[in-house]
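The same subunit A turns up in both complexes below, where it pairs with subunit B and then with subunit C.
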Partner chain A sequence: MSAVTARKSSGALGWARSAETGRILGTLALTLGVIAWAGADLFRQDLALLGATYALLALGMYLPFNLAGALSLAYSAYVAIGGYAVGLVATKTGWPLPLAYLLGAVASAALAVLLGFATRRLSGFYLAAVTLLFGVAFQSFLLDAKDITGGALGIGSIRPLTLFGSELDRRTFIALTLLAVWIVAVAVDRVRRSPFGVALQSSRDVPAAVEAAGVGVPAMRLTVLGAGAAIASLGGGLFTTANQTIGPDTFTLHLVMLAIFMPLLGGQGSAWGAVLGAVLVVELTFNLQIFERSGSLIFGVAVLAVLLIAPGGILGFAGQATRWLRGRLARGKGAQEKGARP
Partner chain B sequence: MSAQLWVSVVQIGCFFGLVALGYYLVLEGADFFNFALGPFAMFSGLTASWLMAEQGWPLGLAAVLGIAIAAVLAVVTEVALVRPIDARTGGGELPSLIAVVAVLFAVEQLAGTLFGRQLMPGRSWLPHTSLDLGFVTVDGQTLALVFCTVVAFTGVWLWMRKSRYGRILRAVGSNREAAKTLGMPVGRVRLVAFALAGGVVGLAGQLFAAKAGVSFQSGFGWALSGFLALVIGGTGSVWAPLAGGMLLALAQTLVPYYLGSASLDYAVLAVAILFFALRPSGLFVRKVRV
Partner chain C sequence: MTVLLEGAGLGKSYGGVHAVDDVSLRLSAGEVLGLIGPNGAGKTTLVDLLDGAQPADSGTLSIRGRRLTGPPSRRARAGLARTFQHPHLALDLTVRENVLLGAAAPKLAGVGGLLGGLVAGAFRPSGSRFDGTLHRVAEALDLGDLRRRCGDLTLGEQRLVEVARALAQEPSVLLLDEPFAGADAAGIAAISAAVRAVREQGCGIILVDHNVDIVASLVDRIMLLRFGSVVFDGDPAECMASPEMQDVYFGTGGERVVP
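Showing the complex of A and B:
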């Protein structure tokens, strides 16, 4: 509470100097930088698109996993639902594509709540295993239900997105996707610091205390599971729109494993850690893999090293280093002033 | 259902049972599921296959080296990763789960980088032997697998009853705090459990690689199957993982046979949810008479 009043009392220009504004504007500048970097280069566009999809997946897992401590691994299914929603709406109906993002989000959120309800008494290893098995079963459903999903071939020739009567080219679409990632990341980070987010994080560490304070932990968990699934499905939908095709191999179980490690690598302390982790994963497993074929190994070793050496991830490590440096500078200045006084 | 399918059930069941035995040992000693055991089995099988195919090593030497590597991997996981992370986080479940998943991924990628990313064939231990039972023929590799499974389970059973460390492991498994208070070497026993589990799944990987081949991604599915076998069997006795493995293998063979191949994954999911909802401690539970 005191922090809030302190910020308010810092004057009319206080908002411009606050750390939150800096964070939002800084990340917006970085996002615009990535959009400019991707430009018209097709390969860079692919990298940016993959990074955006991974980031949305990691942000979707951030709420239930990193904040609430429930490791659900069914996210490959939710991303795929987002993708197939776009595919089905584009090929079987004449509806506008943005409706598909909404439908996919609602469908995967409903499925996540259902699965979360079925597994509400499980945690840790058991929850991870059952949700993983759900992902496996969903994968074979995608292969099996040929009438709906097109089987092993998937759904191809998906029409491009049209906004205000004109078709969007790939470059504009990817810029919009990156901006969407920025908006979601800002939102997720604000949720983290809201009273709801605080209750969520406390429910991970001391569920009994949160229950005693009058907050229903199971309902809260189901809510974030649904919200996370919706975010992940948006990632799948945007990816599918840009690539105009979706199949059972597009989003595999392997992807979920990568997604667990993204916030870990980037830093669990903030939602931006998930985004940074996604960027690193794309660089290591996609960009490096093509040239050296050992990018995934480097990634695995990096995750192990982060687990051991820097549990706060890269952002946490950077924050620590900044504080240490600032402390050193302040002490150095103080010593100078002391020395100059007599 | 033809009799040959039953041979396949026994074969898969023995393999699942061995992996589940590895889980059981780690669960007794350290109270968590070491999902990285599947990739350890894969690494063992893949190492041996690669040594035989590319370097021309004899089968026995390659197999022994493969099993030793699996045990070493398990020990390194415990010493370098699980123990420091446990110490830092105060023994929470989620950090160790993340750590073993990270090991799973790293071992998988290490194998992919070292041995290539294609499926490698295993080699049968007894290629020229087969047992004709009249209604069914059992090939040499199945005989070797069944024999090794029986030996491994009997060995672990005897070890946990007769040997010093085995008995301490049982004590740690039933009450860690009490064992610690009594001054038992809990940390060392934990390490022994990890090493033994690594060796057992290493053996399992060797024997099963000859049936279906092994690739760097095999370990993931093996880890899930072993986990399920242990969940079905329970931890009431050393033999429970074998029973769970057999039941799982039976389901995995029967369900596709009668209902089509896609239903297998649905059935496995249904079985898992049913077991977690109704019998979370498995079929065989240790009962204490007071």
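Showing the complex of A and C:
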């Protein structure tokens, strides 16, 4: 009996491997499709860039919040740190810009770990409250620290990214940004299914069991809070490079509110849900001309509707529908075969 | 026999209530120690003190002669594994993933292990290097299809998965807190067989249960707790016949009323 089970589940692994390959290639094709769609059209480039930035923000939130249940609300600050890192490195130093992405990511991660560490013995509510206050304070800091951040004017005329000795035009850069989103999403989704991801998801529901198994839950939470902040900061850095300017109102607290709901809308079951949610948010808030002002309202209603009708988000709903259809088809086939038998 | 786990003067109070009062215990390799007593006797609190889920007010604890302190994760890495009175499983995850947690946990210890796990996860997500442990444990407890969601299992099946997760840690001391509650006859047989098997490998086991008959058939020694204190410690057959046992379970003494 158990030998059969063992064989069955190793077979399942082989299947998962091929499904994994399909998912990776499929999402790559979609990413390339978006790159082709954006093309030379400036408005579409803007949408693609915003979508990519939101997607990185949502992925940065997905890792600690949707998987481990640790809600940090300082994401506007992490994204801004990524952006200002690019601005400062580009205007005050001669360093290559990729270094700015790294510096921004490290600074954001350190900050996230620090805020998480300060509230590690308190309930999750305090992490949310402290990080929210930090986000508000950081916005004021960006306005007040004129010598560093340029105050209300921000930092302009940021030089474009140079790769292998040649300056990248906006079109190429945005294509690379979309590919970066694809890489990060693939990585986050693989982490979700890894032993680390399993421990992470278990720590959301049964932290005592994860502790008893030998994984320090507070340290694990801090690790993903830092990793999530680094991913969000990369989003801010890429957005700033493409637009060549950053100011204190580029990334506001409003973003965080959107980011919480992106994975819920797209589906929490996979990292791709966060990406899909980000795309939908861009679509709802910017591309629907009729709803111009009420984009956020439409978004809120859409999230509510999705949560009520399909708690697994859009991807979860699609998965359910596929399984149902497949079941129907298999049953139909079986009936046919039975009928064909004499 | 080598002493695996040794506790001296363990105590824990809530307000004025002594949940565990000056308990000393000693567990040898290959020994099964039964911990019995009525509701509120302090059995689970004692397990929590051993495992670190609750800090002790007093007393010391050592495993293989080394001090055992700190949070449960550190004690788990020193060789301690436990199950919970109410199954603690991630219900959205599969049986395989829940057992995988036990097998993979040592690799995820400390900041280096966590960062390594995060990075490694992006490259090798399947966790298949733990398959050997997973299938051995799954076979020992006859877990069936490992792809089932734990939320879809019966309480008895969940018990088996939880014991499997603890066994996947390959502990030297195993704390089982009422592993038979809610399990069916087949589950009880599977868990009993697993307990005997790991005992053969030199694991020390502390078994907490209400079911005195099952406990007596499995254990080498019994500790009877009442109001947080040890009232009997010795041979199971002697324990069953002892006046303390009569007093605790049947109240023949009648001088104390259990609140």
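We adopt the following convention: the second predicted complex is superposed on the first by the 314 of 342 C-alpha atoms of A that agree within 3 Å, B and C clash if a C-alpha of one lies under 4 Å from a C-alpha of the other, contacts with A are read in each partner's own complex, and residues count from 1 in each chain.
As a convention for this text, contacts are C-beta pairs under 8 Å (C-beta built on N, C-alpha and C of every residue); 3 or more make two chains touch, one makes a residue touch a chain.
What you are looking at is a predicted structure, and each value in this text was computed from that prediction instead of being measured.
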Contacts of A:L132 with subunit B and subunit C, given as first, second, both or neither: first
Which of subunit B and subunit C A:W324 touches, first, second, both or neither: neither
Partner chain(s) touched by A:S140 [first = subunit B, second = subunit C, both, neither]: first
Touched partner set for A:V191, first subunit B, second subunit C, both or neither: second
Touched partner set for A:L297, first subunit B, second subunit C, both or neither: first
Partner chain(s) touched by A:W37 [first = subunit B, second = subunit C, both, neither]: neither
First (subunit B), second (subunit C), both or neither touched by A:F117: neither
Which superposed partner A:L264 touches (first subunit B, second subunit C, both, neither): first
Shared subunit A contacts, counted only where both subunit B and subunit C touch the same residue: none
Residues of subunit A that touch subunit B when the two form their complex: 69, 71, 118-119, 121-126, 128-130, 132-134, 136-137, 139-141, 143-144, 253, 257, 260-261, 264, 293-294, 296-297, 299-301, 303-304, 307-308, 311
Contact set on subunit B toward subunit A in their complex: 32-33, 35, 80-81, 84-85, 88, 93-94, 97-99, 101-106, 108-110, 112-113, 220, 224, 227-228, 231, 262, 264-266, 268-269, 272-273, 276-277, 280
Parts of subunit C lying in touch with subunit A, wherever the complex brings them together: 51, 53, 71-74, 76-77, 81-82, 84, 88-93, 96-98, 100-111, 114-115, 117-118, 120-128, 130-131, 135, 138-139, 142-147, 162, 165, 169
Partner subunit C, residues of subunit A touching it in the complex: 1-3, 5-6, 8-10, 12-13, 16-17, 20, 186-188, 190-199, 201-202, 204-206, 208-217, 219-220, 223-224, 227
